[in-house]
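Here the chain labels run A, B, C and D in written order, and each chain numbers its own residues starting at 1.
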């Protein structure tokens, strides 16, 4: 077994995933057990995720569950999050992400419940999410009755078809809530915080002016690209490598 | 008297009820004296409840009032909560609950004032409350003029007829506010926190999309049952016994 | 001068007024200098009020300004609150109040800006405020151009005509914000906190259900009277004298 | 170089700008790196501004960037905020301001995204901002594709034409967010806090009463002038010089 993976690297990821889970509480995105964060060691094909239904108050790194991409538990004394199969689908479908977050954060969940994508109303949005944040269609009764959590992953991947998952690091699952991802668990949490704030701003924008439409393409491009494009000039030079 | 009940067991319940009352403040469900929690020793038929109109700042366990199910004060130097008769009705009508909470939490009270049940718009709701959260009809002037607090309990029981009180651990009393219950006082508080958040999410959902309807039955069943059903797989094996 | 009033009693009131002002910040009813609390010694005819435009961070009791009911400064090194003449009118018009609060708290101010009274939508409201919370008419340009702050007091008194100021311990001044009062400065602050929460609940109630109307008279009477009536049974026996 | 400016004065401004940036976080106007504050030494023609994309957690005074009014970096190891050219335009256009703030605060940004000016609905507004807070028109694709941040400054100046920038210390940039200014960086932050609260109150006012119109001119004048006019009587005598 020792040959199969690097214990130090895995231990570090468990700490990171644990801490990223705790950050969900600190950023007020979850109450009780309403969320989960995972991370992945790509070379080893190992996913680290929060145990199911365990209170954040008691969470420590060695409670994290380690699985392979087929869902076999490799390490850990707890059941993994019941949403684990959704995470696995996304890791398989988005080959360059390193972390995933699921929450029931208030405003993002309200949009998911209203089954509406979040249109791009401003530069705050296009600084992070390029174009509108999609909302999946509902699952069919067959998909729900079958392998529900895997099918949740599949409907996310289907909805993301034709979209660049690096430029759209999150989605709303209809009647459920948001999923976000990123290059590592902390970036995925960061994107969850931003998504929640964008959902809140969009809610207010729409109730101030029901007829408002999204921002013009030129402005959306400008903001996304000044931060993430090849000639990005937002931030410090050292950030650039990190960004791509 | 010593023969009638176990002082240690009762002392423990007083501590639990006191602490559960304080948790209402910590979770921002009540300001001033706007709420109360009770618990029951089923075998002994003793109910422990917060004293009426006493500030949470000064609450200690031996200020709790102990009553029998007929409302006779057995122990305590204070008047019990003015809502005590409502609690007693619920303990009599729901034989397996162990704790009850009443608050005037903002969003749940707003729905109660709007006299609308909270429809099940998403999985956050169906993880805890199976189907829409009902709102009682208004009391008649006769019911208000008579034994008001007992009649409040009765209208709750009438509205819950045909519903499973374990799968619907809360209700809105029209023009008043929410009541929740659970297997013990802390679970009842937990359900109050969840109800308030569901009320907030439903409010936002409805103002984003006025025409939205509740989630499909298959999804509602799936989420409720993966957490509470016989084959529940959410959480850890040890939780199961606790859950039912 | 020593003959005119009791220094100890006055010193105690200054402390109380100072602390009540600080409580506005703690309860999140004011930011910066957006509020003021006063108190009165009825026998001596002395009003104690916050100095104008002074930050709450630096407020200490001996910065409070002491005036007589004609507005003459008796003690203090600072200008009194610019709203002082409004307070004086209310002390003259409501002979049994002992404290007054003015804030620009968010929801109450929004109702004042919308120029709508806050209808009584539930028992939370009728536990404290008997009937709808009125909103004054606008001042005329002449009243604004004249002795503006005194005229603000006068329009409050005019609007309160035919209402019992003890059963309606607050009002909205159109386009401006709320004033509340009570038997002492802390009770007036308490009523400001309650008014803000009622304004928030009423806002939510109305946006959930635009056609909602106020609660039936029987329920309103029941709640107001079980707490404040002759046969009040809310709270502890010792509270009763305090209440009336 | 030593002859060109006073190191002590500059050092003090760096501290002030750094602290004013941190105040944005404390006042909950920004998350992550979503805002920036600058200050200016008028005689020296030196602008001090936050570095771009740097976390507030790590901000210390000597990380501030010093530029001249043409945008040449004079001192500092970091890239200046990407919004620097907007700040420079405003310093050139508003000759008596000493500090500028840009944020993406929630309610003000929602109004900017809804592309609506914030009407003056009450005295809280007219205590600080005289008349409605304008919203710029959208930039043209050419302006966005060209020197975008400079053009943002130019559209602000164009929109402010005919308005007194001292009596209107802030603006909404369409689809983007608010900019505020003041006699120094802290006053500019103060104005940002006030603008956000006014945006929130106006949002609530409008959703309570869609047909509401702004306050009468006499009341607006009264409140603005009792605080800022020649015969201002709000606050303490010592404030007066500071105010103008």
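Methods note: contacts are C-beta pairs under 8 Å (C-beta built on N, C-alpha and C of every residue); 3 or more make two chains touch, one makes a residue touch a chain.
Computed from a predicted model, the values in this text were never measured in an experiment.
Relative to the C-alpha centre of chain D, the farthest chain centre belongs to B. Mostly differing positions are employed by chain A and chain B in their mutual contact, as under half of the interface residue numbers are shared between these two copies. Our note on geometry: chain A versus chain B, Cα centroid distance of 34 Å, whole angstroms. With each centre defined as the average position of its C-alpha atoms, the distance from chain B to chain D rounds to 48 Å. Counting partners per residue, chain D has 207 as the residues that reach two or more other chains.
Taken in their complex, chain A has these residues touching chain D: 121-124, 190, 193-194, 197, 200-202, 204-205, 207-209, 212, 215-216, 218-219, 222, 226, 233-237, 239. Within the complex, the chain C residues that touch chain D are 31-32, 34, 51-54, 78-79, 82, 104, 106-107, 109-116, 138-139, 141, 144-145, 148, 175-177, 203, 206-207.
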